[in-house]
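Let me give you the structure first, and then I'll get to my questions.
Here the chain labels run A, B, C and D in written order, and each chain numbers its own residues starting at 1.
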Amino acid sequence: MAIRVVLIGQGLVATHFAVGVERIKKGELEPYGVPFAKYQMVYDIKDIEIVGSYDVDNEKVGKTVYEVAVKAVGDILPVPETLKSITVRRGIHLGSMEGLPFQVKGLEDELGSTKAAIERLVEEWKQLQPDVIIEVATTEPAKAFHDVKALEEAIEKDDRKRLSASHAYAYAAYLYAKETGKPVAFINVIPSPLARDDAIVKLFEEAGSLVLGDDGATGATPLTADLLEHLAERNRYVMSIAQFNIGGNTDFLALTVPERNKMKEETKSSIVKDILGYDAPHFIKPTGYLEPLGDKKFVSMHIWWKTFNALEDELVVNLRINDSPALAGLLVDLTRIGKALVERGEKGTAYPVNAFFMKDPGPRGARNMSRIRAYYQLLDYLREKGVIKA
Amino acid sequence: MAIRVVLIGQGLVATHFAVGVERIKKGELEPYGVPFAKYQMVYDIKDIEIVGSYDVDNEKVGKTVYEVAVKAVGDILPVPETLKSITVRRGIHLGSMEGLPFQVKGLEDELGSTKAAIERLVEEWKQLQPDVIIEVATTEPAKAFHDVKALEEAIEKDDRKRLSASHAYAYAAYLYAKETGKPVAFINVIPSPLARDDAIVKLFEEAGSLVLGDDGATGATPLTADLLEHLAERNRYVMSIAQFNIGGNTDFLALTVPERNKMKEETKSSIVKDILGYDAPHFIKPTGYLEPLGDKKFVSMHIWWKTFNALEDELVVNLRINDSPALAGLLVDLTRIGKALVERGEKGTAYPVNAFFMKDPGPRGARNMSRIRAYYQLLDYLREKGVIKA
Amino acid sequence: MAIRVVLIGQGLVATHFAVGVERIKKGELEPYGVPFAKYQMVYDIKDIEIVGSYDVDNEKVGKTVYEVAVKAVGDILPVPETLKSITVRRGIHLGSMEGLPFQVKGLEDELGSTKAAIERLVEEWKQLQPDVIIEVATTEPAKAFHDVKALEEAIEKDDRKRLSASHAYAYAAYLYAKETGKPVAFINVIPSPLARDDAIVKLFEEAGSLVLGDDGATGATPLTADLLEHLAERNRYVMSIAQFNIGGNTDFLALTVPERNKMKEETKSSIVKDILGYDAPHFIKPTGYLEPLGDKKFVSMHIWWKTFNALEDELVVNLRINDSPALAGLLVDLTRIGKALVERGEKGTAYPVNAFFMKDPGPRGARNMSRIRAYYQLLDYLREKGVIKA
Amino acid sequence: MAIRVVLIGQGLVATHFAVGVERIKKGELEPYGVPFAKYQMVYDIKDIEIVGSYDVDNEKVGKTVYEVAVKAVGDILPVPETLKSITVRRGIHLGSMEGLPFQVKGLEDELGSTKAAIERLVEEWKQLQPDVIIEVATTEPAKAFHDVKALEEAIEKDDRKRLSASHAYAYAAYLYAKETGKPVAFINVIPSPLARDDAIVKLFEEAGSLVLGDDGATGATPLTADLLEHLAERNRYVMSIAQFNIGGNTDFLALTVPERNKMKEETKSSIVKDILGYDAPHFIKPTGYLEPLGDKKFVSMHIWWKTFNALEDELVVNLRINDSPALAGLLVDLTRIGKALVERGEKGTAYPVNAFFMKDPGPRGARNMSRIRAYYQLLDYLREKGVIKA
């Protein structure tokens, strides 16, 4: 049975997801980078069917996903023709791309209000019938509401300062699920707090649906988490942690805008205390934008600790990693797991899923743990729920 | 209640162990590098009492552990005066230091036969009354017997080619436990196969005792294990692994002798297939000896994999780590756990302990797993056995 | 014959300089880190005599250099008693430490005007009789004047916004040289433009004196210069350069204040175009402050280029380097060279000296070159001038 | 005017050379990796014409260079059709590939003696009329003769133990030049001592020809040379140097045979003392073979030194570099320089050329120097000789 997927933000991650899924379906690509590919899950990767795509970039809206993909990754990947059938639709902006060098327009600008834009989305989704909606737009400034009324008021009053695009999308997903009676899995892999927003979680619970998030855990952060766990298990005393990140994709460009950088920084820092048990001095930040690096970022990390007899050891890690494919690989499993879990009646959010896949796992106040621990806990959970076959 | 400990091989590891334990007992050192220090164990670090020490180096035999420590680490650590009370005794050699630039003599040379040397050890241990015997001599060429009769014949015939010093020590420990009725924990942190030797495990079982081993997991190997687990959990396809090690301590000097190097190499390689599930091409070897590096070795590692959409990522890890203190820190817990387990009736060997602490965990044929998994499994095991308090 | 030296800014660099020079004089330290120590120069390191020290930090003013040194480096170095004879005097502030967590007061605050403060300095120097004055205070915001009249007006009008402390010190040095007829070498190793300020160079020329600067070339910048030269000589096409710096000393703390960071950034970037011949995309910035790293900073660098057949190569460099001693070592030679050159009639500034020792070599508009080239050109120059004996 | 080139050893380096030169001639490739491409030389890259190729691998002999290139680099580079006109001829083996997994046969086996093989080569070359012969076969065990008579006797007696293939080729080149009166430039970029062999140099002098060598300086060695120069110029005291190399090309495979490894090791070590002035403890060796790395090797280097005040700094360098193109790029200039110099009457060998381009510069006993110094000395030399236009 198919899993119908709508993508929000047809950037590099969504493009890698679309290209990779279609290539796997054609049998020309191994599912490397898909964490649970080696287990038998109730949904196969081949069940994934992309049915819709949204963006606010005028260069993309109206083009097919095929056209967008050829432009973005056509020099390094074969782009399957099947992507010609999906056309990028105009989505909600709400200032999420402000300050970046793109020509953008939001549905709310076209239709006059955010509320009207949300209603339009619900209408369209009633036709597209998504099981899973993936929020993978560019990092935006956003704040949790925690209070349903406050959220609904912001929509009603069209308070564009307070409201983020991701909140609007999530609210549309809630309305869609409630009005159709068809539960939906909303997967948020950007830093905006949705699975950590009490209001969003409550609404999804009410609609028998699931919000998974926030901020997909790829790149240096999960590796740092596992390295810290490694040190903590040996009771080595970490004196300081420095981590630099530099890349040339839109996400790094976005982070040159200070308030977006702040969104990332908080996420990345929380792992230190959660895993070590003390707040070792650290500098963990996306550091800069360097265009020629493209999507393959450079990461450098320095960790320094006291070992037995208080002598000092040092670790330096250098990475060259493809940013977007790593997240796209996670989306393949999040899609399958999201669909399977809502079918099995899970609602609100699902911490065991978030703890492995997300940098800032919801619900609000949930702790980070090392990824290796989270992996085995998730495996147990998925077996128990019948999502992975024994 | 005290844990009486005998050290075999008064090299840098044993010296760091002795110095560190005494400093912790004096309250002048935090137990950094002792994995389970933050849990409440039935034995405290302060219960550890070193009662004997053995070596074959003429420069050390007859000296106090204090004198040996001042010479070895006096420039970087304060050496506690309490170590003046332990004098290094002559131990068994059996060629274990052959080819290295030290003046050595074994007890078997003094007394005329290996059997006589073993008997002398048993006699001495009846007076010293150790609960725990730690084998931490220099890496030696050694082969498992697997057959008790074959082992006993080699001792009887004084077959010095076939017999390794560690086998002789383990056999002495067995005799000591059997003759006194007092169970002993024999902890083997060198590569010689003891916990992987069916014969040794069988003898210890018979004597209600425990052999833990083999080859203490410090340095780059457990870190590699956890990095590979990290990649495996994301289904990244590892294309190759290169790992270099260079240092200036006796262990690295020993590895310039080819057959000793081989002892290490096998251990280090087995983790790849055990954790990844396939034998990714790898070069994992202690690489060289460079005297000025001393005990603080330099490690460099390159790992390379395919991520989603078959794109390629790269990881480089560089380490400067103190070799001996890391192992000494593990010995603190192995001592406490060994003592507590024999008291609780455990005998033969204990895989959950070996799986975390050892590079080549016994019994024979046991698999390696990532250290992070092994850690949590060990924690459960120790709680279940009542070694760690809930 | 002695070289009488006055230090401005009794921070870590000046302290390492003072401690190191005295230790070398006592014969307890090899002159490692002093570039020309292996050549026979007309002045020996033992000729250096520190006769005065200035600072604006209330914690330092009035203390001896010995007391300051014991507090700053007493845990890692023996501090010579001879430093008890020099007391730190109050210097000019002019906002140079603004925004940093220190209690400071400037001479201009005590005496009511910058002009009065300058006069006081000249007076004191007439007694101290320095041959060499070293400006090594914390990085401050500063701008060149290029016009003598504008500079003198700023002093006259006490324009504290426009005037930097280093300009005031340099002007005082000029007055001192002019009024006494005794030429002075003013060595500026902070980023403030003095040797690049036409006004300052002109004044020093007039006074038969020498200003050397700006911004002492230590750490990652000269190494980057030589790596780029290495690539340029092989006609490798550099695609991008990323360089991160993080440390825990006052200099890094100062750089958390944005305008100070900008002072550094410009300096560091200019090497790319000057050496490669094209402006390869780069991100070269002091990146962050991490207190536990102290004076031993961590640097990470990624360089990426096209080789023959347009294939791509990559280089990653990681450094752990002591920031202050590296600069202190250069000061030893700058002091000796400065003194010898003014005696030989050199005046204004001396590009061959600046090109090797400085990140932003004066005079205004002078180019950077790789350090290895600069070294051999300087060697020729010093031989020609008779500063180094053939 | 054309430069007629014969290649000995149609491996990866010769293939990159052939492909790259043809691509540059077609105008589809920038001359990145060709050191002096930005200067105006008397011969242009477009003047290079490959007229012959030799190998002993049965898989290659009789194939065109085009076919060999498609197989070797066809997946990563476009292979120009022009290479179809050159067919690989059978060359001399003399055991140079012994122990490696290739099916090989030498001309000396076909013709019955080494002397006959040499004569055949001379005959063929009289038709091909090369100006430049490039020796770029796999690293072989070889020893210098230093005495012409001894060399000629070895050829006469067909002493295949003593004689290396490269000596036989060089002797053939000498005969060719002598008999035709047409001077030749023989360029040896493998470790075999030719430019360091008094006998070879003497013969070339006699024939008005030039031998340049030995062992092309690419990869980590010239970089290490420049890093050591950087440290030496600051009088930093190097405590130790560790350098690892691992790759998957034939050269690394060859080095798994111990005596070949030794050939490399000596070369690499000599730079330390030559540049630093003292023999800092070092471990500099090609370390291992790891097939998936292919031609893009991984290099890791650790250097450690004392700075001012005897504090310790550390440098780690990690490289991923394409081995063969780097050397091919140097060959482009060596070819042009070799041809221009013999025309200008240079004979024997030319140290200024060797000092920059070679790891073990001839003549016998010549010193290594940092590459950056050697570069500028070579530039001066080439200008003086009129090879580079002012």
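The working rule: a contact is a pair of C-beta atoms (placed from the backbone, for glycine too) under 8 Å apart; a residue touches a chain by one contact, two chains touch by 3 or more.
Keep in mind that what you see is a predicted model, and the values were worked out from it rather than measured.
In terms of the stated touch criterion, chain A and chain B have no partners in common. Between chain B and chain D, the centres computed from C-alpha atoms are 48 Å apart.
In terms of their C-alpha centroids, the spacing between chain B and chain C amounts to 52 Å. Taking each chain's centre as the average of its CA atoms, chain C and chain D sit 44 Å apart.
The set of chain D residues touching two or more other chains comprises 314, 316, 318, 320. Chain contacts in this assembly form a single closed ring in which each chain touches exactly two others. Of all possible chain pairs, those that touch are A-B, A-C, B-D, C-D. Against chain C, the residues of chain A that register as touching in their complex are 239-240, 242, 244, 246, 281-283, 285, 287-293, 298, 300, 302, 304, 314, 316, 318, 320. Against chain A, in their complex, chain B makes its touches with residues 16, 19-20, 23, 29-38, 76-77, 222-223, 226-227, 229-230, 233-237, 277, 305-322, 325-326, 328-329, 332, 370-373, 375-376.
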